[in-house]
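Note that chain A is present in both complexes that follow, paired respectively with chain B and with chain C.
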Partner chain A sequence: MTFEDAQLTAVPHAERFASLKAAMPIVVFLVPAVLFLVVFLLYPLISSFQLSLLDWNGLGTGERFVGLDNWVRLAQDKLFWGALRNNLALAFFSVLFQIPIALLLAVVLDEASKGSRILKILYFLPLLMSSVALGVVFKNIYDPNFGPINAFLSAVHLDALVHDWLGDPRLALGSVIVVICWQNIPFYMVLFLAGLSSFPSELGEAARLDGASESTIFWRIKLPFLQGTVRTAITLAIVGSMRYFDLIFIMTDGGPEGSSELMATYMFRTVFSSFQLGYGSTVASAMFLIVILVAAITMRLTRRYETEV
Partner chain B sequence: MNSSSTTVSSGKGRGSRLTRVSVPILGLFWLVVTTLPFIFVVMTSLKSRQETFTSPVWELPKKLNFENYIAVLHGGFWVYLRNSVFVLVLSIVLILLISSMAAYAFARLRFRLNKPLFGLVVAGMIVPIHITLIPIYLLTKNIGLYDTPFALIGPYVATALPISIFILTEFMRQIPKELEEAAKLDGCGAFGVFWKVFLPLSGPGLSTVAIYNGIGLWNEFIFAYLLTSSPANRTLPLAIWDFQGQYTANIPAILSVVTLTSLPLIIAYAFGQERIVKGMMAGALKG
Partner chain C sequence: MQSASVSKICALIGGLTVLALSPSAAQAQSKTITEWDLQTNPGPAKILDDAGARFDKANPGFKVEQSHIMNDAYKTKLKIAFGANQPPCVFSSWGGGPLKEYVKAGQVVDLSSYLAKDAAYRDRFATAGFSTVTFDGKVYGIPAENTVAAVVFYNKEIFAKEKLETPKTWDDLLNVVKVLKAKGIAPFSLANKNKWTGSMYYVYLVDRIGGPGVFAKAAARAPGGSFTDPAFIEAGKRIQELVKAGAFAEGYNGLDYDVGASRRLLYSGKAAMELIGTWEASTILGENPEFYKKLDFFQFPSVPGGKGSPTTVLGTIGDNFFSISSACKEPDAAFKLIQSLTDDISAQARLDDKRIIPVKGLKTSDPFLNRVMKLVADASSVQFWYDQELSPNLAQVHLNTTQALFGLSITPEAAAQQMEDAAKAEAK
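After this line comes the complex of A and B, so read on.
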């Protein structure tokens, strides 16, 4: 690559413009991709920021330019900041639960030689499900009257633990986070398994001969070996949480009383239920900026961790 | 990926007693956690509506009751399936063609903007699709594609391109230059080299891209929900959504829709677990 670059800059001007014919393939090969990306990714991105300066219900020509009014409103919008707090909670609990459990399962599957293939195949099933399917299934599982969770709790006489899991503002977000973790843990598990598969087994053997226990081998040798993969996993979990939408939209729609609202569901409601297209675009644009910011901070922090270790 | 992990791990079987006991217990525990919801879905879908109200959820169905499945199959399921297949096939063909063309240009053609343009395309991966929803909704309405399966093609292809181009560019950079030179000596231009050398040799990369995007698009919800409205034009994930409104409080019927819509992918998975797992991990493992 670097060699090619050197060649690239070394090509004299005259030669580069020698024939337009040489430029033809470049244009033809790139135009379709550029066209799709500009129309359906770049234009919407720019358009979203433009729309954020309007007061518009999205119908007809009633739009009014209001400058930064929407952004000022956003800064004072308790619902938006509440949604952001929920996104951060989702990110926090995703990292807290998904990564350690996935790591544990990966180590377990890596240790268990027999039957681990069939386990891995079955563990992966949740990732094949669409979010609508999962959302609808778990809505039924959490159902206060007919759902298996409450039925089980009553059957073992733990009636004190029977709750309206999705209908109680204190529990709704947590209940959905459990499902999100359930679905995503196998993803990180496979990621860690791929990392472990390149772990040199002599390293473990040598440590074992020196009398190191399994837990020492894990904490002192395997975990440091996997730190790059763990870093990737943490970044993916955090960025994914900041832009999360599906299961919350399907299972609680941000409710009850906005207790499980995320930035993306709040944006969606603002636009497609309250018909505040301008303000909804402000929420969307702010979400974009926050996602970029969080991604940058996460990558910076995890990189620092890497150099310290 | 997996084959190497199993051969390596076979040498590690002898651990302490604690690991010998805890490994199977943890393995089985997570198996139960993973499969219980699936068992609940299939079991309940085979019950009668009455049964779900009168008998405990963990009781087996009194008799296998397929009437929900029959009702769903007669109630428009095939239309959703047809739309899903149509949208998937068209999107994947376009994604493969467009991203491999761009990848070839980035991997092999020399031009001044190669690196910055590639960086810009790859940066497209972090754009949350939700910021594009409002403008794409307006655009779709304006160009008259709203509530047609075609409305989904543009957003599906565009959101898939950054990662697909990234994966294929990395892949094509590995293809030996000698093969390219040989084709050029035979009189192939850039198009000939791409069509006769790069495309055939990129098989594994193309299959990864197809699986990764195929599964994501097959299950895609938000664009499909927003850009189509009538059952005649909607895809499978929306079947669950629409039936849910239609079958309120008929739990077995809703869960049989869930089973039917999830079945195609699970059948595909049964035939190619390794490739599907590898394909789905492509984004994380390469990026």
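After this line comes the complex of A and C, so read on.
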């Protein structure tokens, strides 16, 4: 018996029991969360990886184990890489437009504080609308023959700007991205408003006494104060864009000619239209890895803006 | 004292259990037959509901639970239900490739023996009605909803005003396109976001150019059959010829059929024609009865030098087919339900709703329906939709390449080659 062992056994029985007792609440409180995570996150994740090794239409038996064939096919699948590129474009434009506009709205609304309650509700509305309804409305707005956009452009003799917004492969993705941004800006606006509500007003007052202009207060005090929130917003925008599905599915269905296809819509099509559950799971698993990777890179690059909440 | 309260609690729990169980105990005697279909419009859905109610009445002990589900959501929902081993007892499909996937997986009941037992019921149907649900000589579905042919609907008023005749040949058609285009009217309205809409042009052209055998051989991978057959390439060229002649209304590849984008163009007079299934007539009658008066149709024109008969029709005899899933515990009752859904009362109700179940000897005074029935009866053959005939995977390749043909972003040769490559890969 070594010295350590002897010490371990020497721990009085009651003391060990006490430490176990102290751990009990921790375990009890964690179990439900861990259980849900395992059932609804870990298990589907692992089984999706398993499915990605099969050639299977998802019906009955008849699945065939094909090893990494699906992954090799994915690596050579131009449609998938095109979809990934579209996801990255969506992420880029989401960050470029949604965050600054949301920040601007939040700061202005915060300044106007009392009189702005109605505006706050109004600006928040797009987020509350169902994506399906929104998609159908914008499909009609973009309609090249009856939509108000082209009608307006023709009326003011800007016929050069009249376009086939959703039917032209060069424009379809951009047209939908505009709607996606419009729908999501309110979310980040609320996030920033919440951040600004904890901004100590005496900081602003002190700065004003020292003769700081409003723009100095914004750039030098408010923005640094919000940096943690901005970081969160950027991460959310990027991760959300990488997994995006609904408005694209409703407005263009990935078309025309796959020009607005995203990873998620491609996965859906592969599983439910082409009946390739195995390959669809490969797309889903690859999507998961890519989202994790992109999220990790984002977190790493923005680490210096991390703030204690 | 304690034992008394314990027994009280036990009695209470027991009582509650009896209370909770009693309604289901009563229900346990009536078995549920689930039925899924995609008739969400109130008219067609009511016909099915009424038939379900008749079945309930005639078969005490059974209770039908019907769900009418939206078209695209239906396909997804059905697939998930089968994948999760909880399919409905009776379900409808379009037959063809997708149904074959379910059959191959052993998920669908072979109805041949039921039909053999009830020959009178079987012989009520036109034989052609079973062609898209028959695999290896076994029948897996009952034609239930409609007989559909794809035809070119047109606005009589516009044609009269521009002194146009309905085109019989491809050159006539190009001339119609030219005249309409010069007047600032879009010749064809096409909502090709959905892809199957544009596919109809391709199918008709292949058939008119190469005859019905070309596609059948290529799809079955028969000797000499190939998707690179000149007929497929020529069909692609003719489509692009139409596109370049400006035959389609602005934005066609982005317009959504499901929200009525193509019909809106017809109603407003901005477009003059639409190639679509004959179901469109009842849709238009429901949406715009005024416009219905201006509506007429003609058959897809012939192509010079083509081997196909100009009477061949693209369409389906049956349109929706009811099948029984293997997981169904009461297949006999399920078959009786299908019989109710397709009985004479249902057939007549559908006829009144301008839809034709492929049942022999149907009589109607409606001139439109009579013309459709004659069109199909006179057809030298009926070509089923490619996207439903092919396997789901090949169907996607067909739809995508055809949309790209319309978008002029792929050559007819490349489109044909992509199809052939995919078909070869799948045949392996």
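Criterion: the second predicted complex is superposed on the first by the 258 of 309 C-alpha atoms of A that agree within 3 Å, B and C clash if a C-alpha of one lies under 4 Å from a C-alpha of the other, contacts with A are read in each partner's own complex, and residues count from 1 in each chain.
In this text, a residue touches a chain if its C-beta (ideal position, glycine included) is under 8 Å from a C-beta of that chain, and two chains touch if they have at least 3 such contacts.
Everything quoted here is computed from the prediction, not taken from an experiment.
Asks: Which partner chains sit in contact with A:Phe146 here, chain B, chain C, both or neither? Use first/second/both/neither.
Replies: both
Asks: Counting only touches as set out at the top, which of chain B and chain C does A:Ser47 meet: first, second, both, neither?
Replies: first
Asks: Check the residue A:Val136 against both partner chains and state whether it touches chain B (first), chain C (second), both, or neither.
Replies: both
Asks: Could you say whether A:Gly167 touches chain B, chain C, both of them, or neither, answering first, second, both or neither?
Replies: Only chain C; A:Gly167 stays clear of chain B.
Asks: Between chain B and chain C, whom does A:Asp253 touch in the aligned arrangement: first, second, both, or neither?
Replies: Second partner only, chain C.
Asks: Between chain B (first) and chain C (second), which, if any, makes contact with A:Pro32: first, second, both or neither?
Replies: In the superposed model, A:Pro32 contacts chain B only, not chain C.
Asks: After superposition on the shared chain, which partner residues are touched by A:Leu59: those of chain B (first), chain C (second), both, or neither?
Replies: After superposition on chain A, A:Leu59 lies in contact with chain C alone.
Asks: Have a look and say if chain B or chain C is in touch with more residues of chain A.
Replies: Higher number of touched chain A residues: B.
Asks: Tell me the contact category for A:Phe272 with respect to chain B and chain C: first, second, both or neither.
Replies: Both partners.
Asks: Need the overlap of the two footprints on chain A, from chain B and from chain C, as residue ranges.
Replies: After superposing on chain A, chain A residues 58, 136, 140, 146, 272, 277 contact both chain B and chain C.
Asks: What residues on chain A touch chain B, complex-wise?
Replies: Residues 1, 4-5, 7-8, 11, 16, 23, 25-26, 28-30, 32-34, 36-37, 39-41, 43-45, 47-48, 51, 58, 104-105, 108-113, 115-117, 119-133, 136-138, 140-141, 146-148, 151-152, 155, 182, 186-187, 190-191, 193-194, 196-199, 201, 204-205, 213-214, 232-233, 236, 239, 242-243, 245-246, 249-250, 264, 267-268, 271-272, 277, 280-281, 284-285, 287-288, 291-292, 295 of chain A touch chain B in their complex.
Asks: Which of the residues in chain A come into contact with chain C in the complex?
Replies: 57-62, 136, 139-140, 142-146, 164-169, 172, 252-253, 255-258, 269, 272-277
Asks: Write out the stretch or stretches of chain C touching chain A in their complex.
Replies: Checking each residue of chain C against chain A gives 75-76, 79, 82-83, 98, 101-102, 104-107, 192-195, 249-256, 259, 261, 264-265, 268, 270, 391-393, 395-396, 400, 403-404, 407, 409.
Asks: Under the stated contact criterion, what part of chain B meets chain A in this complex?
Replies: 1-2, 4-6, 8-13, 15-16, 18-19, 22-24, 26-27, 30-31, 33-35, 37-38, 40-41, 44, 52-53, 56-58, 97-99, 101-102, 104-105, 109-112, 114-115, 117, 121, 124, 126-136, 138-139, 154-155, 157-159, 161-162, 165, 173, 189-191, 194, 215, 218-222, 226, 236-238, 240-241, 244, 251, 254-255, 258, 261-262, 265-266, 269, 273, 276-277, 280-281, 284-285
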